[in-house]
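Reading through the structure tokens given below for one structure.
Labels for the chains are A, B, C and D, by order of writing; each one numbers its residues from 1.
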Amino acid sequence: MSRSRIKRIGILTGGGDCPGLNAVIRGVAKAAIRRSGAEMVGILDGFQGLVERRVIPLDWEAVSGILTQGGTILGTNNKADPFRYPVPDGQGKTAVQDVSDAVVKYIREIGLDILVCIGGDGTMTIAHQMSLKGIPIVGVPKTIDNDIAETDITFGFNSAMTTAAEAIDKIHSTAMSHHRVMIVEVMGRYAGWLALESGLAAGGDVILIPEIPFRISQIAAEVRRRSEHGRKFSIIVAAEGARPEGGEMIVRRTVADSPDPVRLGGIGQNVAEGLEEATGLECRVTVLGHLQRGGVPTPFDRVLSTRFGVKAAELCVSGASGVMVALRGREIIAVPLSRVDGKTRTIPPDHKLIEVAREVGTCFGD
Amino acid sequence: MSRSRIKRIGILTGGGDCPGLNAVIRGVAKAAIRRSGAEMVGILDGFQGLVERRVIPLDWEAVSGILTQGGTILGTNNKADPFRYPVPDGQGKTAVQDVSDAVVKYIREIGLDILVCIGGDGTMTIAHQMSLKGIPIVGVPKTIDNDIAETDITFGFNSAMTTAAEAIDKIHSTAMSHHRVMIVEVMGRYAGWLALESGLAAGGDVILIPEIPFRISQIAAEVRRRSEHGRKFSIIVAAEGARPEGGEMIVRRTVADSPDPVRLGGIGQNVAEGLEEATGLECRVTVLGHLQRGGVPTPFDRVLSTRFGVKAAELCVSGASGVMVALRGREIIAVPLSRVDGKTRTIPPDHKLIEVAREVGTCFGD
Amino acid sequence: MSRSRIKRIGILTGGGDCPGLNAVIRGVAKAAIRRSGAEMVGILDGFQGLVERRVIPLDWEAVSGILTQGGTILGTNNKADPFRYPVPDGQGKTAVQDVSDAVVKYIREIGLDILVCIGGDGTMTIAHQMSLKGIPIVGVPKTIDNDIAETDITFGFNSAMTTAAEAIDKIHSTAMSHHRVMIVEVMGRYAGWLALESGLAAGGDVILIPEIPFRISQIAAEVRRRSEHGRKFSIIVAAEGARPEGGEMIVRRTVADSPDPVRLGGIGQNVAEGLEEATGLECRVTVLGHLQRGGVPTPFDRVLSTRFGVKAAELCVSGASGVMVALRGREIIAVPLSRVDGKTRTIPPDHKLIEVAREVGTCFGD
Amino acid sequence: MSRSRIKRIGILTGGGDCPGLNAVIRGVAKAAIRRSGAEMVGILDGFQGLVERRVIPLDWEAVSGILTQGGTILGTNNKADPFRYPVPDGQGKTAVQDVSDAVVKYIREIGLDILVCIGGDGTMTIAHQMSLKGIPIVGVPKTIDNDIAETDITFGFNSAMTTAAEAIDKIHSTAMSHHRVMIVEVMGRYAGWLALESGLAAGGDVILIPEIPFRISQIAAEVRRRSEHGRKFSIIVAAEGARPEGGEMIVRRTVADSPDPVRLGGIGQNVAEGLEEATGLECRVTVLGHLQRGGVPTPFDRVLSTRFGVKAAELCVSGASGVMVALRGREIIAVPLSRVDGKTRTIPPDHKLIEVAREVGTCFGD
């Protein structure tokens, strides 16, 4: 075991919960301890732990047996950005304040040679900014939406996709038995990867994604076409960020006592109402929500998480910094955080998977 | 194989989708064919098929391999009550009409000696009324809510309970990682069995059921008590029919363009808003919805469904009528439909399971 | 919270691993602490811990979050009978010795007022004998075989049955695709409950159980009959304790270097060889083995385990002793250990479930 | 829809059962029908169907709803090689005969313009030889072992790996509760991919693969080392083709009545006996066997199978031939069958995944 200059490595998890976080933590810690004998420091609740100075030691024993556990043993927080840290403004509201200098000071005080930040695009942006302030950083991308730039895929996506596809499987039997249109709303505000892959995996008849604006009339036509061919039910998988052409929402219900009346219901409810109006068919909506974030990671994600974690440890020990681990083809590589910050990886309209879905008869509402 | 007077048996599935319907159909058909050589006739889409005269033959082959399939191969319909059958009123609206005589006539025309009706309380009520009109009927109770009278349990409940408990398991990791209050809304409009058993199975900290009116203040106290003991998250399992003491809903948002402003959101959303106001903690809601109705039945339900089906066939062949199969202790018995019609099986407030839940620390909000 | 005379309660898990053990431990501990403020003492590795004096405290925190975990946090041991305790004989072999007096002494030394023993028939026998020596005992029955007397069902059975049925589901597709006879060997040395229920749940064509001696010729006839009706595959579910009529094993292979040549292979292998000889068809065997003991308990078992645990705590606190908790119909009751010791609950040949299985076409090889 | 010269496409599945076969069949058929209006012909039971002249039409309806089904709707056969076709030799034994000319003749008779062969290395070899005889062929690689050359991964592998990892998860609780060494034998005669990935995913302490000869002494040392660090159990994942250094098997039991005494038991049993001798610890073996081949494909495999199927249809319609579809990075490409025939894709000893496994503490017994 060669000893590197890196003596103490901090690790934190930021942003929303995601299956595989613990597997990454275990991978980083075991590989770093094994490689360099470095001491691992766990930072609690994401960047909040750096502000509030809450850390714990992470030895081999502490990370044993967590590979298959959902969630993160370190806790997380998706609001604690040190550059815009929420603080009470003294008048019962919340203001934001830049506490990043204090964070830098604390990191140096506790002697962290490098910081491993596991999180989504928000976390990667903070990580990049921290690295610009001189803190050595290795990022590990995490997002069930799969929309982080520069990596083919991130851990958590396979688990979320599997949960979504198995939920759609369950809904299939009800759709068939009741001859209904069933709409399943899955996560994906800016990118449709989760809807596309889970819809393809579960045989969704219509898939709606943010990248392809849809028209209710086209969906209605597809539903009717199926009905004429004896398939009296349809399954629609909609990413939460899917939007109709022109951006016009269908639902006309508004909330009265809001100063600025907002439209109600997510995209699933919107499509249901539009489609019932257009076809007279009964439509039902299921919003998968938090189910997609939780639970035991799939074996695929446990392997990927472990690979990401080990690579991050390798980078730490070798003295790399300002980089994020990424999957490119079959390889795990390092990419500069500067290439990730501020970008979102959406589905190109001519992506092969969209073509494949169309070939087996999937309608995208366009 | 003894031959009974029963030559032709009709079978239909009514009401909402439920795991185990196909297993019952298979059990009835196989046992009836084996016992008496009776001819099985499948009626499509519940009572609608009797009105619209849509039936199919069901031989041994037709019911082979369906044991593990979700849904119903016969289709179902939860609006087609022959005593109040929806018909267009000629002015673009829907009126109801009693078409039960035509149904009786059709049943006799196609020579059904007896009719097996698989369904929930609605279906049992129709079945009872049909039997009062002289049609021999054997009912098989089905409801994921488990609220049908006179039977300890119905098939589908174990599957729905398992789906709900496994969903709560998934949500646990997010609750812990984010130190949040997570609210899971499960089915159960009048009876809280599903919330009670899935909540008990998944270690829900608070369980809200229609039978025990809750107070937000009590839930808030429990959540704070847990937090003081270092458990910074809580899981609340709420039956959709749970109600606050006094019946007052918490949510104040209303829909503007409705003539009679309705309150928005289900009970989950209501509790979330009340609890956020009372505690300042972040609350998130997941509504399981249709997931609970679908999917492959659990092995437990496949066994129970088969037992129900075989008993129904036995009753048909033996000339019984006007009865429903029911589980009593470890036995399958027959009970008069008259004792089922119009009743709902709710949880008695002193039920042992509630006591057990309290013993392990569950709060019911009372 | 009323305080009883019971101040300190010991708890141990004995015998083989079983899903739900931790749920029982949690149920006992939480209910006892809540009811009486009793102090809980966890004994490590079954009765071995009493011999080797290894115990740990079990407070509310220690049993929180273990409800869904497989295995037992206390460890178990299926060889440590204090009445026949294995000790080295000084000549490189193992002798047995009665160390029960030392165990009684230790129990009194550490001030246990009562001992909760969770285990199978072996554990219940030891528990009964300990109670005859004056130690207050409450037993909790555990066995995936479901063969403990005086209780309708035990926790763990539903989980094992579910694992077995889902494994048979998986094997179904291979059987159909290859037109093969697939034999699945499940646990059940003396009682066929697991084979019967998992076979019924997964649509096994032939079910072999210890209670009904089979003839290969009958199985072969059934397999051929199916083939003639176009079902070119068959699924055989065999309990490990199933035996041919007359007790004759089919396999002729023996182990050479054994002084007393033993027959090789379990019952699955035996049936496969006999059936291949009789029919010329390709037969494949899968032995489920330890898979049936492990894993997360089903929600059904988590509820039952919790009920058993809470009842055991109730009995402890109320001063009962020499009893075992048991499920009778829908109730949890207490039965004297003397009625359990030395008995095995096998399937009566006229049991309703066997009749049900025959009605849907299952062959028992008789 | 452009019409190509390809009017009629045959499709068969050969070799062992594998999750995703139906998804490929559906992908090929839907895409081919959609692209070119080609007529699809399903050949029953692999190459046997071409010899015995058993085919069925496959229209859009026939392949609808099969995406999630395990097995193959076409049936398969892993002995029917037309170049070495088993025929009775008239003396009660089986001889082999080259019936490939008859197969070629039949293919031309029924007007197949191209043949899609879905199968493992055996099937690809036959496919290559058929293409050398002038039959246009497109191969689709299938193997749960993942050992087909020229493709990064094949469908079925993720499903088998997931089944294996989840089985190891179940066995973990028993290992921990009993402080035992548990050995899980998974498929993989020549390549250790399945053992490596499922072992990595489930946190196996020792992984044994054909590519790395092991020494019992090294495994024993690792088991003891863990025990000294308080981990009194170990999980060993062994590929069926793993072998000790020098090739020496440990088991000394032999079958007597075999003319050439063979060693008994698979590698799992061998390691168990060697390890018990070396350490005195209790070792238990579970052989997963056919479980790994069966069941519903994972959503990952359903997507990959669909992509493979659509690409195969594309190749057929474009007039390609003598090729196999393959995954390279994120792309599906076509490779010449000649590059696949006769090769096996084993794990290079310096493969990154082995290094990753070592970094998190996995022992390979070397």
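Here is the rule we go by: contacts are C-beta pairs under 8 Å (C-beta built on N, C-alpha and C of every residue); 3 or more make two chains touch, one makes a residue touch a chain.
This is a predicted model, so every value here is computed, not measured.
Under the contact definition, subunit A and subunit D share no contacting chain. Interface residue usage between subunit B and subunit C, two copies of one sequence, is largely shared: over half of the residue numbers at the contact are used by both copies. In the Cα superposition of subunit A onto subunit B, the rotation angle, rounded to steps of 5, is 180 degrees.
If each chain is reduced to the centroid of its CA atoms, subunit A and subunit B end up 34 Å from each other. Mean C-alpha position of subunit A lies 42 Å from that of subunit C.
Centres computed as Cα averages put subunit B at a distance of 32 Å from subunit C. The residues of subunit B that reach two or more other chains are 169, listed in rising order. Applying the touch definition to every pair of chains gives A-B, A-D, B-C, C-D.
On the subunit C side of its complex with subunit D, the touching residues are 13, 16-17, 19, 21, 45, 69-72, 75-78, 163, 167, 169-174, 176-179, 182, 252-258, 261, 264, 284-287, 289-291, 293-295.
Of all residues in subunit D, those touching subunit A in their complex are 26-27, 30-31, 34-35, 61, 64-65, 67-68, 152, 158, 161-162, 165-166, 169, 197-198, 200-203, 230-231, 298-300, 302-303, 306-307, 309-310, 313, 329-332, 352-353, 356, 359-361.
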